[in-house]
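What follows is a pair of complexes built around chain A, which joins chain B in one and chain C in the other.
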Partner chain A sequence: MLGNILKAQWTSARAIVIVFGILAFTIPLASVFYGGDLTISNVFQVSTWLATSRLVGQAIPITALALGVLLGMSAWSADHSGRHVYALSLPVPRWKFVLLRFEAGAILMAGPVAALGVGALLASAVVKLPTGIHAYPLQLTLRFAMAAMVMYAIFFAISIGTKRVVVGTLSAIGALILGDIALGAIGSSPALVEGAYRLLTHWPGPLAILMGRWALFDV
Partner chain B sequence: MSRRALLLLVLLVLVAEPARLAAQASFDSTAYLRSRVAQLDSLLGHTSASPTTRSRVLAEQAHDHPLRVQVEGRLTLAVPLDVPAQWVSTMAHAADSTLGEFGGIPDETIRRLVLLEVTLTPENAMLAQFKGRPFASLSPVRASDSAEANGSKALEAMAHYFTGTLDSTWQKWLEGQLVLAWNSNLDGERALDDLASVGGYVSGKECLAGMLASCRQWLGLDDSPQPYSVRYRPQELVSALRNSDGSHGNPTEDRCRGGDAQACAEFFTLMSWHPLPSIPASGEMRMSLLRELRERHGKEALRRVLADSAGSVGDRLSHAAGISEDSLVSEWRLWVLGRGRIERVTAGPGDLVSALLFSAILVGMAIRSGRWR
Partner chain C sequence: MSYAIETHNLSYRAGKNFELREVNLRVKEGAIYGFLGPNGAGKSTTVRLLMGMLPAASGTIKVLGHDVPRAMPLALADTGYVPERPHLYPPMLVKQAMDYHAAFFKDFDDGYADELLQTFNLVADARLSSLSKGEMGKLHMLLVLAQRPRLLILDEPTDGLDPVARRDVLTALLDFCSQGSTTVFISSHLVHELERICDWVGVLDHGRLIVELPMHGFKQGIKRLRVARPPSLIGDTPFVLLLREQTPYDEIWVVRGWQAPMTQWFDGAGAELKEVVDLDLEEGFVELLRASRTPF
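Let's look at the complex of A and B:
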């Protein structure tokens, strides 16, 4: 059963997996553009190199976010186009079918994650780092996987949600914005949207993993 | 791909962006109106100081050299009369707050100093009441600058004056660069970059590798009659001189250019002109040492060290912290390499648990979706 679902999902999402696989592989390598032995580098090279690594690192959470969103949205595309007849005709309980769909998407996500891991390991191997600076290929890969997983789960759930869920989500966002406008009108500082944003993006918020510094090399 | 999900994404962008802009516009217009009101008040001669109890206007003069003397918190400022009182109040409170956070400048020094806008002179009749008190030159306060930017002008003036009151050892070591504000992200990052990019100087490289004696040399902590020959390796002195402009006809210099390390040590000690700074580490790096002292040993330690005028900078830091110089340098090295920074690149177990838990909740919600009911 998983094989069939995986095959169907691969058909609709292969372009995403391939493109993001290539991207994920090249990003860490781009951060070691200079390469070489940094223990004997000139005055500015290590500094420039660290700054470049940090700059390139900013592309990693964006890649994780886009990968999760696109895979999450594509997870149900085959069912949506077939009006869910296939899902309803299967002799499996609904919860099991949802889990199989989620699992298939997660397996597809493993491709770009593994590509990032290989790229990060290769990038770490081609430079000789000065004392005090370390490479974090495995930690970075794990963090990338978790960030992509959270985004995938969000859009996986939204895509199968009913109209009521979509309307409810939009209403909640609208209510926050209206609340802020009302607060601004009475002279208070509008802080509802900011508060919600902080709640989501600061630990233990689910999106905290996407925030902060992303770099393959650091102290 | 679900059309509903796509629609939701587009709607989210459409709804969130105008709201964000609207909120910003509302904030900006309020700030703008407040500044305009303060400006008009000032022009009409109804200038009033900030409503805080610690704020007061001591004197105003509308003719000859129009100025206003304003006391805001611990700061006394004299500014042209056309600078709205509200701006002065805001900038002074921003500066006072940073001074309080820094904690190294004694309270009485802050209270005694009169910050005088650069276009005014201490001879102004309105300033007679401050006879005997020190003045420091304050860059012009501008409407186009933020309260923090204007506040940093007050901080610069305060730091410049305070550095001038310190003894010659401090003045040489600080090179007039006492930086009062410290941003963990920006300055911590810059300090790390400085420590990591020391390839040019062997003492810095060895410091990065963990050799504490080299850290002391690199930071210029120990006094020495021949600082260049202690803080730099002979070959560095030769290379620096060879890479500089042509010979000045000095025989010692020529021998140094020829590769005579002893001649280099003599030349760098005796001559006032050098192609290398007397302390290899940058000013920011040295400030990071003071900041580490403050973070790890408290404001009082910082105040003690800046008030100390006995021994080398290393001795003073060691006395203020109550630990050996090497221990302090070791502490500082670790702080710059990691603890002085607030963000880390790796995700902690908490982040992973939160992400997994949230994903599981969402999958649970997907399972319970009413679509197939």
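Let's look at the complex of A and C:
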């Protein structure tokens, strides 16, 4: 059953998986584009190289975010257009069907995650690092997997809901922003948006995993 | 008596304008049950309630002996459902849709599915997004027939199909029914279509089940009578008087449960029965609706 659901999900999400697989493979390689043998470079050159590598590395959380969002949203798009009628007519408890769908999406995510892992390992292998600088391909891959999974879980949960749920979520965000602007205009500065942002992006906020440094190479 | 579908005082409310009121359906096992009603009567809502897709406000539903919605997966394991607007996953191919469906039904008959694929002139490699409405309807019918269910619930299965597709679908359905004792619950407003295939009929109007009886009872028992010198007050009658309309010279009565010996009742009542008109299903259906909407 999972195999069939996986196939079904693949037919609707393969473009996302392929594009993000290529992207995930390319980013770590792009981060070593500017150097091969760093053992013969001076401290300034190594420092510049590391900064460039980190800059390129910032594309990784963005990729994880976009991958999770798109896979999460695509998980139910075909069902939404048919108002879930077909899925509801299948002899599977609803919780189980949701779980199978979630699993299928998580398995599809393994493609881009593996691509990032291979890209990171290759990038680590082609660079000769000076003493004190290390490559973290496995850690980076695991973090990418975690970040993509968190985003996938959030948007899977949002997209499973009816239009009313989606509209409600967007309305709440809109109300927060408008409330912030309105209170700011009358002289009060409650920083609602900033507060919400902090709440989400600082531990234990769900988006905290996307923050911080995303470097394949570090001290 | 065992019933494939049984509802008891089933009620549902959607907003201020629509209400399903205490519907008591009894669909015998092996019956081909036509669920008739005009557009907006509540047929699709009833079907969705039977499928556990809507929560009932009150009342109980049993499908194949299982409580709905509590034991819905058990009921669905033996139920084939074609919705009003068939929808499968558009990026899939026809063959993939068949494999996908088969994964959920242990009795899915691949050989029969391939046979129906030929019968319906469907192309296995066609993408679902490229199928016409008729082809999508036929594919959905293929899937539910090949799962060899004990119960088929079809919600307007031929609505919007061209005559050829409609004939193909109905022929396949009849062919399937002739192979076993599947119960079919078919909702439609196309009366003449149900007349050909159903042996039971239920009529829903404005959310109320106004009649449920065998097709022969419906066709033979509903009559239009022309009555001269009708009594002003009518006491007990051996038939059910549904509608009474005055004309310049006599009265037209629409009755249910009519049998030939009942003509004697008119002599006793001092009236004269001038004519008994047989009604086909469509005429009977129209008269029933008129009667339910204009109580005398």
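Operating definition for what follows: the second predicted complex is superposed on the first by the 200 of 219 C-alpha atoms of A that agree within 3 Å, B and C clash if a C-alpha of one lies under 4 Å from a C-alpha of the other, contacts with A are read in each partner's own complex, and residues count from 1 in each chain.
Just so we're on the same page, contacts are C-beta pairs under 8 Å (C-beta built on N, C-alpha and C of every residue); 3 or more make two chains touch, one makes a residue touch a chain.
Model, not experiment: these values are computed from the prediction.
Asker: Aligned on chain A, chain B and chain C: do they clash or fit?
Answerer: Fit - chain B and chain C, as placed by superposing on chain A, sit side by side.
Asker: Thinking of the overlay built on chain A, is A:Thr11 touched by chain B (first), by chain C (second), by both, or by neither?
Answerer: A:Thr11 contacts chain C only, not chain B.
Asker: When the two structures are laid over each other on chain A, which of chain B and chain C touches more residues of chain A?
Answerer: Looking at chain A, the partner in contact with more of its residues is B.
Asker: Which of the two partners, first being chain B and second being chain C, lies in contact with A:Met1: first, second, both, or neither?
Answerer: A:Met1 contacts chain C only, not chain B.
Asker: Between chain B (first) and chain C (second), which, if any, makes contact with A:Ile173: first, second, both or neither?
Answerer: Touch partner of A:Ile173: chain B, not chain C.
Asker: Classify the contacts of A:Ala78 with the two partner chains as first (chain B alone), second (chain C alone), both, or neither.
Answerer: second
Asker: For A:Val19, select first, second, both or neither according to whether it touches chain B, chain C, the two together, or no partner.
Answerer: Neither: A:Val19 stays clear of chain B and chain C.
Asker: Once the two complexes are overlaid, how big is the angle at chain A between chain B and chain C (Cα centres, nearest 10°)?
Answerer: 150
Asker: State whether A:Gln139 touches chain B only (first), chain C only (second), both chains, or neither.
Answerer: first
Asker: Applying the document's definition of touch, where does A:Leu88 land relative to chain B and chain C: first, second, both, or neither?
Answerer: Both chain B and chain C are touched by A:Leu88.
Asker: Would you give the minimum C-alpha distance from chain B to chain C, in Å, for the three-chain superposition?
Answerer: 5
Asker: Across the two complexes, what residues of chain A are contacted by chain B and by chain C?
Answerer: The answer is residues 12, 88 of chain A.
Asker: Considering the complex alone, what residue numbers of chain A touch chain C?
Answerer: 1, 3-5, 7-8, 11-12, 78-79, 81-83, 85-86, 88-93
Asker: Within their complex, state which residues of chain B touch chain A.
Answerer: It comes out as residues 1-9, 11-12, 15-16, 19-20, 22-23, 26-27, 192-200, 205, 208-210, 337-338, 341, 343-347, 350-352, 354-356, 358-359, 362-363, 365-367, 369-372.
Asker: Tell me, which parts of chain A touch chain B in their complex?
Answerer: So the residues of chain A touching chain B come out as 12, 40-48, 50-51, 57, 69-70, 72-74, 76-77, 80, 84, 87-88, 94-95, 98-99, 102, 130-133, 136, 139-140, 142-143, 146-147, 149-150, 152-166, 169-170, 173-174, 177, 180-181, 184, 189-190, 193, 203-206, 208-209, 212-216, 218-219.
Asker: Which part of chain C faces chain A closely enough to touch in the complex?
Answerer: Going through chain C, the ones touching chain A are 51-53, 73-77, 79, 81, 83, 85, 87-92, 96, 99-100, 103-105.
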